[in-house]
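My questions all concern the structure below.
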Amino acid sequence: MSVNTMILFIPLLPLLGFTLIALTQRRITRGTAAWVGCTTVFVSFIFSIILFVKLLNGAEPFTASFFTWISAGNFKSDFSLLVDPLSSLMLLIITGVGFLIHVYSVGYMWEDEGVNRFFSYLNLFVFFMLMLVMGSNYLLMYVGWEGVGLCSYLLIGFWFKNQSYNDAANKAFIMNRVGDLGLILGVILIFINFGSISYAEVFPKVTEGSTALTLITILLFVGAMGKSAQIPLYTWLPDAMAGPTPVSALIHAATMVTAGVYMVARNNILYSLSPVSMELVLIIGLATALFAATIALAQNDIKKVLAYSTVSQLGLMFVALGVGAYASGIFHMATHAFFKALLFLGAGSVIHALHHEQDIRQMGGLKKYIPVTFFTFLIGVLAISGIPPFAGFFSKDDILAKAFEHNQVAWAIAALASLLTSFYMFRLLFLTFYGKTRASEHTLHHVHESPASMTLPLIVLAVLSTIGGLMGVPELFGGGNWIAKFTAPVFARSHKLLPEHQLSHSTEYILMGLIITFTLVVIGMAYRRYISQAHVPASEGATLSPLHKTIYHKYYVDEIYNAIIVKPLYAIGKLFDIVIEKSGIDRLVNLVSESLNDWSVLSARLQTGHVGFYIFIMVIGVVLVVAYSFFR
Amino acid sequence: MWLIRFLDNMLTVALIIVPIAAAVLIMALSRQVAKNIALFATLAELVISLVALYQFNSAMGTQYVFTKSWISSLGIAFSVGMDGISLLLVLLTTVLMPGIILSTFNDNSKPASFYSLMLLMQGALVGVFVAQDGFLFYLFWEIALIPIYFICLNWGGENRGKITLKFFIYTLTGSLLMLVALIFLYSKTPGTHTFALSALYEAGRSLDLPHQTFVFACMFLAFAIKMPVFPLHTWQPDTYTVAPVQGTLLLSAIMLKMGVYGVIRWLIPMVPLAVKEWGMTALILSVIGIIYASCIAIVQKDFKRLIAYSSIAHVGLISAGTLTLTTIGLQGAMIQMISHGVVVFGLFYIVEIVFARTQTREIGRLGGIRNVAPALSTSFFIILLSSVALPFTSGFVGEFLLINSLVQYQLWVGGIAGLTIILGAVYMFRTFQKTMSGETNTLTSQITDLATHEKLVLYPIVLLILLLGVFPKPLLDISATAVNNLLSIYSDLSASVK
Amino acid sequence: MIPIDNYIWLSTVLFSIGVLGVLYRRNAIIIFACIELMLNAVNLLMVSFSNTLNDSRGQVFVFFIMAVAAAEVAVGLAILVMMYRKTKSVDIDILNRLKG
Amino acid sequence: MNALYVICGIGIFALLAEIFSLKKWISYVALLGLAAAAALIIADWRSISYYFHGMMYFDRVALAFSGLILVVSFFWYWMSSDFFKGDEHVADKSSLTFFVVAGAIMMVAFNNMAILFLGIEILSISLYVLAGSNKQNLFSTEASFKYFLMGSFATGFLLFGIALVYGATGSFNITVISNNTTPVLSSAAIGTQGIPRFYFIGMLLMMVGLAFKISAVPFHQWAPDVYDGAPTPISSFMLTVVKIAAFSAFIKIFAVCFYRYQPTLQMLEQGLMVLTLVVANVAAVAQTSVKRMLAFSGVSQVGYLLLAFSSDGAKSAGVVFYYLAAYSAATLLAFTVIKIVESATGDSSVDKFRGLFKSNPLVAVAMAIALFSLAGIPPLAGFFGKYLVFTLALSNGFLVLTVLAVITSLVGVYYYFKPLIAMTQGEGKILLVSVSDRYLLLILIAINLLMGIFPDIVRVI
Amino acid sequence: MTLYLFYFLSFVAILSALLVVFSKSPIHSILYLIITFFSIAGHYVLQNAQFLAAVHIIVYAGAIMVLFLYVIMLLNLNKETEPHKTSLAKIAAVICAGSMMVVLVASLKGASYLMAKPGGDIGLVKNLGKVLFDEFLLPFELSSILLLAAMVGVVMVGKQDQRTQILTNTPSTEANKIE
């Protein structure tokens, strides 16, 4: 099988899977659907590995062109796919984690009547995600970009009978669209300024002082804000938890939301050349990391906590990108994919066990009921909290170190965010698995460990979360920072451009020690509060302190958006419809005919019927006509 | 050989004659066979147009030309032919017409005259798109108005007399002004006055700016009303709502393309100076229309009205893109016209399907249709995706190219026009949610899924949407040469200025 | 010899008086009479032009005018009688049902 | 000229028929005679000549217009066979009708003021009577009375004008008149260059008289009332044949006889035109009776004709001819329908047309085509009429006036469509349509379509 | 001498014409009209149109005016109670007709260049006949059509139909209604 075919089949197989399942979903059994869904992704995964190995062995990036998609005037967009180190890594994550989540879904969704539909959506999602990362030009990336948004919409609203889920889906899609607009405008500006939209042609043309670079990068970043849930376009992500949990794991933790990171990394050269945008990315990243982390502190829905944690971690990735540490960002993205997927799937397992109970106030003491889940979940929590030697430690530390090089304040904020992360994650862990159980008798009676199809992915992911950090062990520990080297070709030009600090090893040790110490302290605090004191978050309706209340209500951002965007939009619509349209323009148009009628009645009144009057008019006419002879 | 060449030249004529002949035939026959003959005629038309497509040489300009002097004393000839732009729109017409006829197949109440009018309409529409003579163009333009008027008047809904009259007078106002402009140009043609397209181009280009402006104003008004462009659009939602579904389909899917086509063929190459001078104004009006109509669509409660406003928004984008006078804009307009035709056809048809089953178009009263009619809702969803310009659907290609051209024109104009990406999603997804998702209610729980003839109409549409989304290039290639030819005048113009 | 101007003025005045009568009165018969007066003014003008130009065609034309006047009066009075039969009046302002 | 003899002959035959009780034959003879007269016109097509010391002059224009009058009369007579049938006055009415046609031909082909005057009077006097021929109906009497009163009043002005022109030129022969007055009258040249001012006044007064006949605003007010009140066939007769005759006389006087003064009169004509277009079209909107609406529309058509005429004088004859032909075709068609509706329902208010499309498709289609044609929608005859008018006006540079005419024609659409809309709505009762009417409708529809699609066949001048 | 005669006849004509308009009784009006006609006939004689003067008297005074009188008698209209226009309408009528006269008179001046040509026998029957039956033969013949039409018309209008009894029933109430 040639490389080109393989490249084509990587995205095509999930698409085939989707088509197959979608067209026959009413006729095939759920087993068949699951089988098709998993197999296609798995084969893609195999192909991805093959390509990855080739790249690892020093092959040049592969580009495979298939046909011209759009061409108009001097605009041309080929359907051509690119596999280079960056996308290859992404492929592995997408197909690998995607496959695991497919497998997990077999167990998780087995009871659901729409399981066939579910698999078709998942496959479609994988297809679009692959398009996003494999597209060799901006437009194909945009295809994937929009496509994953669509799948996200479909999957969030998977249980479409529930209108609040649909609301969440709509919100996700529309908010994404805001970002998409930025992205597409950015793409168009790239085309206008560089005459092409193919990476291979654009990047060499980008030089210091290329026109509109700042604008382009900011617009692109707006896209990233939408997709990767950064301030101010992040509010959809927590709501997106309405979807089935595997979806949250796959789309809203591991893959889709990292598209923004991928995109910025892909365009690293553009960003490196526009310091303003870099700063913006950094600031937004920092703000989001901290902001989301604080919100997560007070959430009681197991998935919501994880969602805000995702937002926060994504912020951290953007911090990495914003300081020019692209490889670190990608590294963290990879590890995050492992442990966040793990956490979500673990949460899913808990939810599954408790019959769709998601409120941690109704949990507690579950570790003895569902030990596998507990154990893997614990690994996930340790990983995300940055406890060595779990994956999260390396990647997070990498970012913090790079941030410190760049700006100490940035480091401080990022560190604070990661400390908060440790706190709320352990809070989550303690409230869920430790202490006395708060679930009802009835629920407890049925609690059981999930089937193998669910626990197996958990275990695999746990393993990955444990050892995943090894791919980026810094030189400090004698590691080669393999990931940085592997992706170096992609970031080569940027690295040359950006100032190269090198922290001394001692500083790095100090920072690392500092963080670990603080993390342990924070964990201790969490332990004291939730285990020793057995504190349980206040139930719904209890009075809260103002600060707590604000955080609990997510700083009222949703309400603010509702007040300044959604309501005015509807008001404008109403205004246009009623005032301008109906009583303005249309009224004016009708007025023409009405006034015509009035005039007509008036002139018909001149037709009095009195012949004397007629003659009178006639004589006046004669007088005028004759008088005309004087003026001719 | 000789015969084949002759037949080749007659292709365009056949495209006009076949439906008209069928229309006359139908009048003479009984109502039972009418719909079958109509379907047959439209299918025959489709075959002819496909033959034309097959033999079309996209590197050349106008083909299948047929010219015969008609009213020689007035310099009017029956001159028809197709270049890429015409061919695309003819294809749109011929592809959609069988669908429109098919959509009546469960309805036996329509008399023969209905089908006759539909076919007449098709003949006239094709005529508009292929006319190479100013007078002929005007003639078909007007003739196209009559059947649709009667269709709406005879089989329309409540209050149809007043609304259709408004529609008629509105459009007639425009077209009469266009007539004045055409006559004006005619009187400026060199030598023996003639309505031949090239002569009119020549006459138009030789005018000074004030006169060109006059011509531009008259003709653009006609086209803008047809499209319709803000603020000349108020006839449209009412008419779409009141018209029977086939009328709405004709109006929205094909007829409003006449307006854009007019701008492309009869305005842009005709009065370049005025287009340069006033294009900006027209463009901004179009862009205002996009936002304006989108905002109104957001608050619409009537399903059909909502689609009508969305159509205004989309057409605003097309018109704005056209007026950028760039190849990308024009190509985008072409493909978007095709796409919009297909999409809006699908949307209105779905509205009708829902209406036929529930007797309501009020969005608030629907809901949960996905539960009972998955094929319907899935079709709707895919069509909707094209309407909101999701990549790999037909809507995306056009919309991207159009926004691209607008950004090239002015960044902020492009940005504002781009808002349609967001607003479109807002109202379309809201509609989908309100009508299709959720629990069923008493009204919607009895809905049956698509019947065979409905599938026959909708599935090809869905297929077309996806096909055009993934492989738009063949279509773009068809019109490429024609578009470049049209725009060459502008490069000449700027060259001469330099 | 009387200057032609005099006759022009005279017939103009007579013509105008005829018009005045038509405007002034409501009695259809008198209005007819005034129209006859107008025609006579024309006749007078015609004859005087004829005389001045020494051309007898003007006088011949007057014959035709007289014939027409006679015919008109006959028909007109018949119509008037018909109207009178229905409305019992010769008031022109009574007939105003056709209007608007 | 032979045609005129034939027409007069038939008129007299109709009178004699009553005496010799040949009443049944009248209609056949009449149709035959009209056809024969039309044929004679065609036979004369190549022989352009003067008759009787230059009293009549049949040139192409006159022949064409006479032919048109005869053809229209033919169809009109066919259409109004009911009007003549079974009436005790059939002979009188028929003969009067033919005298009208004779008068019309005289007005078309005159070459001497005497013929013009006599033609007008023959036509008018017959019409006064015909308008009042429905003696049971007060409206008819009123129409007749109004028409007579105002008609003879207007005749006074016409004659005054003729007298003044005669005084200035010493002749009634229009060839002489147009040749005699060599210097073009300028405003300063009162009497000094051999042209007295009263010559010009004469022209103006003649224009008044003829403007009355063609019913141009403000000399139009008789028209709606008379058309409305007169028996329906007579209304259509007046709207078609009489209008053709009056307007061709108007053209002949001002484009042939006074052609030197056309530029100075142009403004005046345009003033009349603007008034006519606006007042008539606007007033028509408020009408509820289709017949009366068409009466106003008949007045408004004069506006378009005046637009053509004032734009290009004598050269407009071809356009005017086509316009009148198209207009007559449409009007006859419309009036055939009105007659059918009226005879079934008693009057012609818009309501009476309800549901016609369902109950009587043929009738409704005929009406629709007639209205479309009148409104000037392609591809019907009326469209080409307007089209030619606009072309003529635009090629002479009258942009504003053309736009005005366009706007008023839109107003036209607004009222023409009222019956059309009524026809599509509600349920109508089924009307009886006689076989002859059916054929007539079909033929007239065909004519309307043919004239629209192949306008060249009618554009003989 | 002739000039004085002219002035006298003109005076009579205008005065009696005015009286036609302003006298209350229809009969008087008609009689004043006859006086006007006579004075016009006098003018004809002054203008060497002797034959025409005679015809004029015969046709107008002898036939037409008699017809008028006959109709007045027939309809029994010899009352002075006929409705009059409102004074506003009357003033308007006077102003209107007056302005027409002013305009006409003002614009008709300047005819005096027409010099009378020698001759004076054109008004004789012989000369008239030559013109009438030669050049004006066709109109002369056609005027027979005119008279025929008028005759037919009068008969048709005047004849009381059997069927005419009448849709619009009693005329007097009808008249009241119209009022």
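For reference, chains read A, B, C, D and E in written order, and residue numbers begin at 1 within each chain.
The working rule: a residue touches a chain if its C-beta (ideal position, glycine included) is under 8 Å from a C-beta of that chain, and two chains touch if they have at least 3 such contacts.
These numbers were taken from a predicted model, which means no experiment stands behind them.
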- Which chain, with its centre taken as the mean C-alpha position, is closest to the global C-alpha centre? B
- Most heavily contacting pair of chains is C-E
- Query: Which chain's centre, taken as the mean of its Cα atoms, is farthest from the centre of chain E?
  - Reply: A
- Starting from the mean Cα coordinates of chain C and chain D, work out the distance between those two points in Å. 26
- Query: Cα centroid separation between chain A and chain B, in whole Å?
  - Reply: 38
- Inter-chain centre distance, chain C versus chain E - centres from mean C-alpha coordinates, in Å: 4
- Just how far, in Å, is the C-alpha centre of chain C from the one of chain A? 98
- Item | Shared-contact residues (touching 2 or more other chains) in chain B | 169
- chain A touches at least 2 other chains through residues 593, 604, 607, 609, 611-612, 615-616, 619-620, 622, 626, 629
- Message: Show the residues in chain C shared as contacts by 2 or more other chains, in ascending order.
- Response: 4, 8, 15, 18-19, 22-23, 26, 32, 49, 52-53, 55, 57, 60, 64, 68, 71-72, 75, 79-80, 82, 86-87, 92-93, 95-100
- Touch relationships between chains, expressed as pairs: A-B, A-C, A-D, A-E, B-D, C-D, C-E, D-E
- Message: Quick check on the complex: what are the chain A residues that touch chain B?
- Response: 26, 67-75, 139, 142-143, 146-147, 150, 153, 157, 160-163, 166-167, 169-170, 173-174, 177-178, 180-181, 184-185, 188-189, 191-192, 569-570, 572-574, 576-577, 580-581, 585-586, 589-590, 593
- Note on the structure: In their shared complex, chain C is touched by residues of chain E numbered 2-3, 6, 10, 13-14, 17-18, 20-22, 26, 29-30, 33, 36-37, 40, 43-44, 46-49, 52, 55-56, 59-60, 63-64, 67-68, 71-72, 74-75, 77, 82-85, 90, 92-94, 96-98, 100-101, 104-105, 108-109, 111-112, 114-120, 122-123, 127-128, 131-132, 135-136, 139, 143, 146-147, 149-151, 153-154, 157-158, 166, 168, 171-172, 174-175, 178-179
- So in the complex, which bits of chain A are touching chain E? 612, 616, 619-620, 622-623, 626-627, 629-630
- Message: Residue numbers of chain E touching chain D in their complex, please.
- Response: 104, 107-114, 134-139, 142-143, 145-146, 148-150, 152-157, 161, 163-164, 166-168, 174
- In their complex, what parts of chain D are in touch with chain B? 357, 361, 368, 372, 377-379, 383, 387-388, 390-391, 394-395, 399, 402-403, 406, 409-410, 413-414, 417, 420-422, 424-425, 454-456, 459
